[in-house]
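First subunit A sits with subunit B, and in the next complex the same chain sits with subunit C.
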Partner chain A sequence: MIGDKDIALWRGEDGKIRAWENRCPHRGMRLSYGIVRGNTLTCLYHGWSYDGTGGCAGIPAHPDLTPPKTIRTKVYRAADSGGMIWVANPEEATEVPAIDGAWAPNRSIHVDVAPANIAALTEGIGAELQSKITDHAAILRVPNIEEDILVAFLDMKEHGAMIHTAVPAKATEAVAIAVSKLSTHLRQVFKASSAA
Partner chain B sequence: MIQLHDYPLSGNCFKVRFLMDQLDLDYQSTLVDFYPGYEHKSPRFLKINPLGQLPVIEDNGQTIRDAQAILVYLATAYDTSGTWFPRDRQGEIYQWLAFADELTGSISAARLHDAMFYSLDVAKARARGTKLLRIVDEHLWFTEKDGHDWLVPLPHPTIADVACLPYIALAEEGGIDLAPYPSVARWMERFMRLEKFKPMPGMMPLEMPKETP
Partner chain C sequence: MKPDSFTHSQWYAIGRIGDFEGANAKPVRLLSQDLTVNNSAGVLSVADAEGRSLQSQIRYGHLWTTLSDNPRPLYDMPEFDEPDRRLVTAGGVGVRCSGLRCVENFLDMAHFPFVHTDILGVEDHSTVENYDVSMDADKDEIWATKCKFFQPLASAAATGGQMTEYKYRVPHPYSTILYKTCPIRENVWDLVGLFIQPVEEDECIVHSFILVFDEDNTDTGLLHFQQNIFLQDRMILENQVPRKLPLDPRWELPTRADASSIAYRRWLKANELQWGIALFDKAA
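Here is the complex of A and B:
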């Protein structure tokens, strides 16, 4: 989920990340249940397959038919950076965030309520902002953790939010574990007021 | 031969079928019309299990009810490898068997509400299920960090995994999104790639059943 949009993420053999509307143009089945072979994604329901650009590449019930070019999935912009996947609306001109250094994805957790902004997330962690990357992502310095950490949150509206963390690729196991425990604590910070 | 009172859409029955397949046991499945027939509440079935629940097995003159109890029974009686219920890890395993009961009371309840129109507090069931998923996702994250693949950190799965898998894998049928739990997703995939694994309806296959053009 991104905002209220359901997205299917997949990576072909070519290593390229793709973000599509999570809906098969044929019968509306979630493409996230689909199966990747080579650089095509095949819907689990009736086996319609789509090439890496989102165009329909084959319809099993009509093996001799070349699918019309109008059968296409809705394609979002997607890119890898800093050990995370970044997605933008097709019409948005946003640049892919340039993040220095090599980062390893750490823990991803679900919280009940999205942080209001990156400042609220920084404060919730008890950290100090080193550099802001986007309105939803930043590099932070956390007391007692010897490496800077990369934090990003994904607002899923009524479905809460995901908070993703990454640590420098060279970080020790102890750092990774400390950041993971910190992530768990965030559930208490960003919880629904009604939750116990 | 073991008799299994069975229902294809029951995650609890799946557990028993899965372990019997792993142990290469011969069994005969007697289908009970759980929905819409409510045959498990019929006078005939209540004589087999007064709790009116599935699954039940009959073996060597014994009748055993409760999915977790049946897993313990089968592993103790028939697992010559000793890996599914290792003697020295029983405390940890019982902890997860009790956790599986909590999954039945929450995620499975939400699924009964959505799929079979049971009347219950579905918001409460989903909230409880979400709490449990967070606990198991966190446990698996740290387990993976230590280089282990299964709920009990051993080089092979145990009945702890068998007991917890189905209602987690079926959570989306109860309206609970599994996308926020990446460690759970990796654990489910490892489980579904075990030899002799046969998915039940509602578990999404990892590969196409046959080649499609």
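Here is the complex of A and C:
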């Protein structure tokens, strides 16, 4: 989800990540129930298939029909960076965050209430800001953890928020475990009651 | 939203007769209103939240009521009077979407190979041949006829794959009936249908029935077949976005196979039905 928008995320055989509105243009079925074959996504309801750019590529009820170009899913921008998937509204011209180095995803947790901003998240972790990446992501230094960590959060409005962490690819298992424990701690910090 | 006059003026099935046994008043919800069904010595009556009594009638194995003082007559199904037919009713199943979405799903053959795989369709026979859609102007109802589809197991009585011929009828915004070739008798139709109880604009209870010539299968066997199919449909219905039915063409795009759905939406629009309809949201 971005805000209150439901998104279907999928990766084709080509490895490219895609983020689409989670609604088939035909009869509204959630595309997240669809099936990925090669570089197309097939809707579960009537089997309409969509190519990697979101254009309809086939309608099984009429195999001889070339689907009109007007049948398209709503496509969001999507990219991989820093061991995380980044999604943006197509209207927004923001760059994909450039994050140096190789990162390994650590954990994604759900919290009841979104942090107010990255400063609030940094404080919640008890960390020091190393570099801010976006309003929702930063590289932080946490006491007693030997590596910098990458933290990003996603505000899902009334659905709470997700907090994602990544560690440098070269980090030891001990670091990975410590960061994972930190995520659990965050669930306490951003509980519904603390919002009041 | 208050129900529009087309919705308001209809009769609605609210349960099977047997669902209202016992002297206790039973709560029922219809069109966002709380109603009560009372059983006094076997005579059923329906009242609204203020205790005002509503019209009711028993037909097609179900209890029907209406919020209107001057309802449209309930449609006829003469097949219910034919001897030798068996009526099996499934009881109500709650579905979290507009009942209008359920009607549309029921009219739709194109989903058989994908949702009812190896029962009502197979993936390599996915073509929907053109069929006829017509309006019966006198009765104000929709018919889709000459519908043909390859089915590996069309009903509980079928023994193998066959081209099944269908007719669909929509005599009411929340009712639809399928007439399909009887696998064991010539020149007669078996009936399967839905009486939908609209609970909220985006929530309903589906009462389904089967009225067939079938000497071999038990009621339980027929019921299981039908329930299995319906649960597959429910998984789809509860994952369509939005939950109400969109009539605005900017929202959902049909193809030729959807001719019956197109006619249904046009008919709802012509009757100025609004309750249960999703308004177009530019931001969505």
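By definition in this document, the second predicted complex is superposed on the first by the 193 of 196 C-alpha atoms of A that agree within 3 Å, B and C clash if a C-alpha of one lies under 4 Å from a C-alpha of the other, contacts with A are read in each partner's own complex, and residues count from 1 in each chain.
Rule of thumb we're sticking to: a contact is a pair of C-beta atoms (placed from the backbone, for glycine too) under 8 Å apart; a residue touches a chain by one contact, two chains touch by 3 or more.
Bear in mind the structure is a predicted one, so any value in this text is a computation, not a measurement.
Of the two partner chains, subunit B is the only one touched by A:Ser180; subunit C is not. Of the two partner chains, subunit B is the only one touched by A:His159; subunit C is not.
Of the two partner chains placed around the shared chain by superposition, neither subunit B nor subunit C is touched by A:Thr73.
Shared-chain residue A:Leu44: touches subunit B and subunit C both. In the superposed model, A:Leu65 makes contact with subunit C only, not with subunit B. In the superposition on chain A, A:Gly28 contacts subunit C only, with no contact to subunit B.
In the overlay built on the shared chain, the residue A:Thr122 is in contact with neither subunit B nor subunit C. Contacts of A:His110 after superposition on the shared chain: subunit B is touched, whereas subunit C is not.
When both complexes are aligned on chain A by C-alpha atoms, subunit A residues 33, 44, 47, 60, 63 touch subunit B in the first and subunit C in the second.
On subunit B, the positions that touch subunit A within their shared complex are 127, 130, 134, 138, 141-142, 145, 177, 179-182, 204-208, 212-213.
Residues of subunit A that touch subunit B in their complex: 1, 32-33, 35, 37, 42, 44, 47, 49, 58, 60, 63, 107-110, 159-160, 162, 173, 176-177, 180, 184, 187, 195. Subunit C makes touch with subunit A in their complex at residues 104, 108-111, 113-115, 123, 126-128, 236, 239-242, 246, 251-257, 261.
Within the complex formed with subunit C, the subunit A residues making contact are 6, 22-23, 25-30, 33, 44-47, 59-63, 65, 70-71.
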